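You will see two complexes here that share subunit A, one where it goes with subunit B and one where it goes with subunit C.
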Partner chain A sequence: MQGLYAIFKKELRDHFTSYRFVILFALIAMVSFISSYMAGIHMRENLEGMSGVKFPFLLLFSSTGALFSMIQFVSFFGPLIGLVLGFDSINRERAHGTLIKLVSQPIYRDAVINGKFLAGVVTISIMLISIVLVISGFGLALVGVVPGIEEIWRIIVYLILSIFYISLWLGVSILFSIFFKGIATSALASVALWIFLSFFVSLGADVLANTIVPIGNANETTPEDVIKNYRIKETTARFSPMVLYSEATATIIDPMQKTTRTSDLINLRMNPMEEMLSSRFENPLTLGQSLLVVFPHTTALIAITLICFAISYMVFMVQEIRT
Partner chain B sequence: MDNQTIIKTSNLSRRYNGQTAVDDLNFEVKEGEIFGFLGPNGAGKTTTLLMLLGLSQPSSGSAVVCGMDPIRQSKEVKRLIGYLPENVGFYGDLNAVQSLEYVANLNGLKGEVVARKTDNLLDLVGLKQDAKKKVAAFSRGMKQRLGIAEVLIKDPKVLFLDEPTLGLDPDGALRIIDLIESLNKDQGITVVLSSHDLHQVQRISHRVGIMINGKLVAEGSIDSLAKEKFGVGEKEYSLEEIYMKYFREG
Partner chain C sequence: MRYKNNSRFPLTTFLSVLVSFLILCGWSDAFGEDAAAKKDLPARSIAISAEYTGIIIKADDDISMDLTVANKGRQDEDIDVSLTSVPKGWDARIKTYSFDVTGIHVASDSSKSLTLKAEPQDGLKPGTYIFRVLAQTRDKKLSSSSQITVTTTPKEEEKKVARGINIVTSYPVLKGPTDGKFEFSLEVENKLDKETIFNLTAQGPENWDINFKPAYEEKYISSIRSKEGQSQTVAVVVKPFALAEAGEYPIKVKVSSPEAEAEAELTIVLTGTYKLDAGTANGLLSINALKGKPANLSIYAKNTGSATLENIQLLSFKPENWKVEFTPENIETMAPGDFKQVEVTITPTDQALVGDYSVVLNVDAGKVSKTLELRVSVRASTAWAWIGIGIILLVVIGLVVLFIRLGRR
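The block that comes next holds the complex of A and B.
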């Protein structure tokens, strides 16, 4: 334990004093701030004259004011935080000849990797929590709405999910820093994987679905085809952690969302009259129900994070360290 | 001198994908001695040291270090052995005191003890004036001395020094060698010293071992090795001549 704590402390200190952390934090804080500000401005206009708006506070995070919402932004660029914090964690020590010094101290070898991972997770948590708190405070002043108990709980669940999501990428980058001896190589590899999983998988899902079940011609496609096409697209896209995370957080932050599916498929089965009726009597889900809806997503995200860390752990434990 | 064996290997071997780095190694280091561990680059000296520390798994054979098995009791062994690797690295953005404190924390030392030890050790290795200087600005000799201070902070029984004088100017090398000798004399620390600086090794070592191509070809006092090879004692032949003779025949 002594070794773990010493390494944890040193890593945390390194994170908070490094320029890359300061730059990244400034960037993320700025963008989140702006997107929430935009959301706040638009909210005033949109909510004017409306009555019975449920959970206005959460709109601060979820409404796409100008270009994107705060939660969309985190799902797109949050992984960068994880990658930047971890991509050189092991191979930098190796290159500088400090890794052999670390492991020749009376500590268990896993203390090195555990300490580094923990320090990263704590850094990520502090970053996210402070951003969300600042936005909340800002929202209080700007919009003048006070969050209810349920809204606070939803924000907490959102934070936990986000910490796991970003830690997943931290785990990936630490894994690459163990695999690749070159610091630049591991940085490039982790960014490449991030781009692939976050952007190309969703594109590929479209292509795959349309190849297997083409739905181009409106006359020949049956509703069954459309559903099949959608199912393939959905399943493939969920290989991307970003899709998993976005679907999960969108459902958590927006209680009106009853499923993680996008609305066009649901609308397909209703005629306009039904749709109008259903929206009139629409009520928000309770937090428990929302959690239940995203339970598979949450489990998958946490599982991927743990698997990633477990692989790094195993590789590092059996690796020969000479320098 | 106390004659108890502190390190003993029996048929210690290490093979890397078909190549044998360390081949059936049998040698002993006695408590309180300076053991000169010699051999050409790539002879397997570092691999042997890593196996004795429990950082590398032997392919076969075993070792006993301070009465313990370095594989099973790696943590306990590492508590007693200070290992200064060849080309030891430092965190450039820390100063000398912070570097020492970090190593002290890794060894489970806390609070006032750390400050006192850090102070004493910097004094011992002659880095007191540079205590607040960033390690990145240190010369090679200063880094080596800081490295020695770092391995001493755990109060080791045995020191493994892998090429501590490599690339140092004559004055810097001499300071390191004198430091090693005084540590051995004043504190009774056993030292395993791997070095190519044969002249200095001859000056301070009690016994030497010569390793060539993974095999230990000679072990004993310099005097006995000289007698074995040339028939006369150490007075007539330097360690360099003895070493070259073993090397050519090896």
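The block that comes next holds the complex of A and C.
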């Protein structure tokens, strides 16, 4: 533990003093503030004429003020934090020859990778928590709504999900930094993977679904086809961690959302009678129910994060580091 | 040919003889009998008779009476008819439907009807009057007469005062629930010969509310002013006592003035009240259900009225593909005060989205019904949560195993 703590402390200090972290943090924080500020401004206008808005505080995070909401922004660019924090963690040490010096100290070998990963996770947590707190403060000042207990819990769940999501990308970049000797190579590889999983998988899902069950000709497509097409698209898209994360957080942050599916499919699936009798009580879901709805997503996110780290750990532990 | 000719001759002869014999026989037979019947009658005989030979009428009333003129002789007769005696103070004549009659032709062995019309003149005193009618053949050889005694009684002025009020009601018996309002319509006719104020009183079961009101007006009255010969409509509004049992209740309505009074008996048949209450045992109208899994709820139905409810249907209004089942499916009868428990099983479709739905249960007894709106919260199954936690635990255990095996301690 002695070694782990030393590495952890050193890594944390490195992160917080490095320019790239400061630049990145400033960028992310700025964009988040702007988006929630816009949301807040819009919300104040919108709330004036409305009554019975449930959980107005959460709207700060979920409503799209200018271009995108805070949670959308984190789902798009949050991975960059993870990637930037981890892409050179091992191979830089290796390139500078400090890795051999490090393991010749009375430090266990696994303390090196554990410490680096842990320091990354803590950095990410501090970043996210501070951003969320600042936005909440904004909200209090700007809109004047005080969050309730349930809203606070939902934000905490959102934070945990976000930390796991960004840590996943941290794990991926650490894995690449172990695999590839060149720093640029590992950086490129992790960015390529990020772009592929975040953007191309969603596009590919569309293409795949339309190839298997073509829809578009209104006369020939049956509702069953549309549903089938949607199912394929949905299942394929969920290979992307970004889709998993945004579906899960959208449901957590918006208690009125009763499924992770988007609204067009709900309209297809719900019968008129069902819809009518369901809209009779416009009640938000309880936190427990929201959690249960997104539990598969949450499980998948946490599991792949842990697995990703496990692979990095395994590879690093059996690797020859003297050369 | 010859053969045929020979054979036909005797047949035709025989037939013609037979037919002529039969005709002769029949004719002579009928003629013989007719002649014999005529022989029984006297050569000539007439009679005139009145339908009733003595009658009693009220003074001022007209008389109209059938007279029968009969010819019992063997030959047809022309008969003159006349009134030989008409009492003083009367105008009388004999007539048929269209004419005054002085003579009539009556065929042998038949009779004809005439009508005696008599009208009293004004101021005729009561007493006994005798009318005589005479029937005479044209040759004055035969005559017949009949006498009618008419007794007139004085006008019953005193009696008319005694029954100077007449109450008529078209619907003397009304039937309905205990909490209903009954309205009888009475027609009160003033037969007195002066304008009078009538007092209205009613006597009914204890605690019942009985009021009089004019027809089409919303005010309660206890007397009416009525002109002679005029009839007025009065409504009797009855509100039964709330706790009255089902059964028949008589109500006596009395209309009285100093000179006269009249009573009418009205009847109300109470069927009891129809009231139904339904709810859940603890008053909670919400229930949790898992997708595709049945959720149970017990509701009760109570007959709070005083009449028996029959054939109570249990209905539901629910989202499509949902199942709502009742055990029992319906209730046959419920006596007043009865309390029945019904088990309700609500099964949301397994495609249902998580959230709150409205399911309406209806207990319908025809005359009354009660609706319960339930909030059914469809919840996600926790099975996935446990699977998820299991997966994460497995991964963590794997990580720990990795730490131990590769830790190089």
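The rule we apply is simple: the second predicted complex is superposed on the first by the 310 of 323 C-alpha atoms of A that agree within 3 Å, B and C clash if a C-alpha of one lies under 4 Å from a C-alpha of the other, contacts with A are read in each partner's own complex, and residues count from 1 in each chain.
Going forward, a residue touches a chain if its C-beta (ideal position, glycine included) is under 8 Å from a C-beta of that chain, and two chains touch if they have at least 3 such contacts.
Note that this is a predicted model, so its numbers are computed, not measured.
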item	value
Which of subunit B and subunit C A:22 touches, first, second, both or neither	neither
Which of subunit B and subunit C A:307 touches, first, second, both or neither	second
Contacts of A:212 with subunit B and subunit C, given as first, second, both or neither	neither
Which superposed partner A:9 touches (first subunit B, second subunit C, both, neither)	first
Which superposed partner A:30 touches (first subunit B, second subunit C, both, neither)	neither
Which partner, subunit B or subunit C, touches more subunit A residues	C
Contacts of A:108 with subunit B and subunit C, given as first, second, both or neither	both
Partner chain in contact with A:146 - subunit B first, subunit C second, else both or neither	neither
Which superposed partner A:321 touches (first subunit B, second subunit C, both, neither)	first
On subunit A, positions contacted by subunit B and by subunit C	108
Subunit C residues touching subunit A - in the complex, by the definition given at the top	317-322, 351-359, 375, 379-382, 384-385, 387-389, 391-392, 395-396, 398-399, 402-403, 406-409
Subunit C partner contacts - residues on subunit A that touch it in the complex	108-110, 258-259, 266, 269-271, 273-274, 277-278, 280-281, 283, 285, 289, 291-293, 295-296, 298-299, 302-303, 306-307, 309-310, 313-314, 317-318
Touch list for subunit B against partner subunit A, complex	46, 50, 53, 55-56, 75-76, 78-79, 81, 83, 85, 87-92, 102-103, 105-108, 150, 154
Sites on subunit A touched by subunit B in the complex	2-3, 5-7, 9-10, 93, 96-108, 320-323
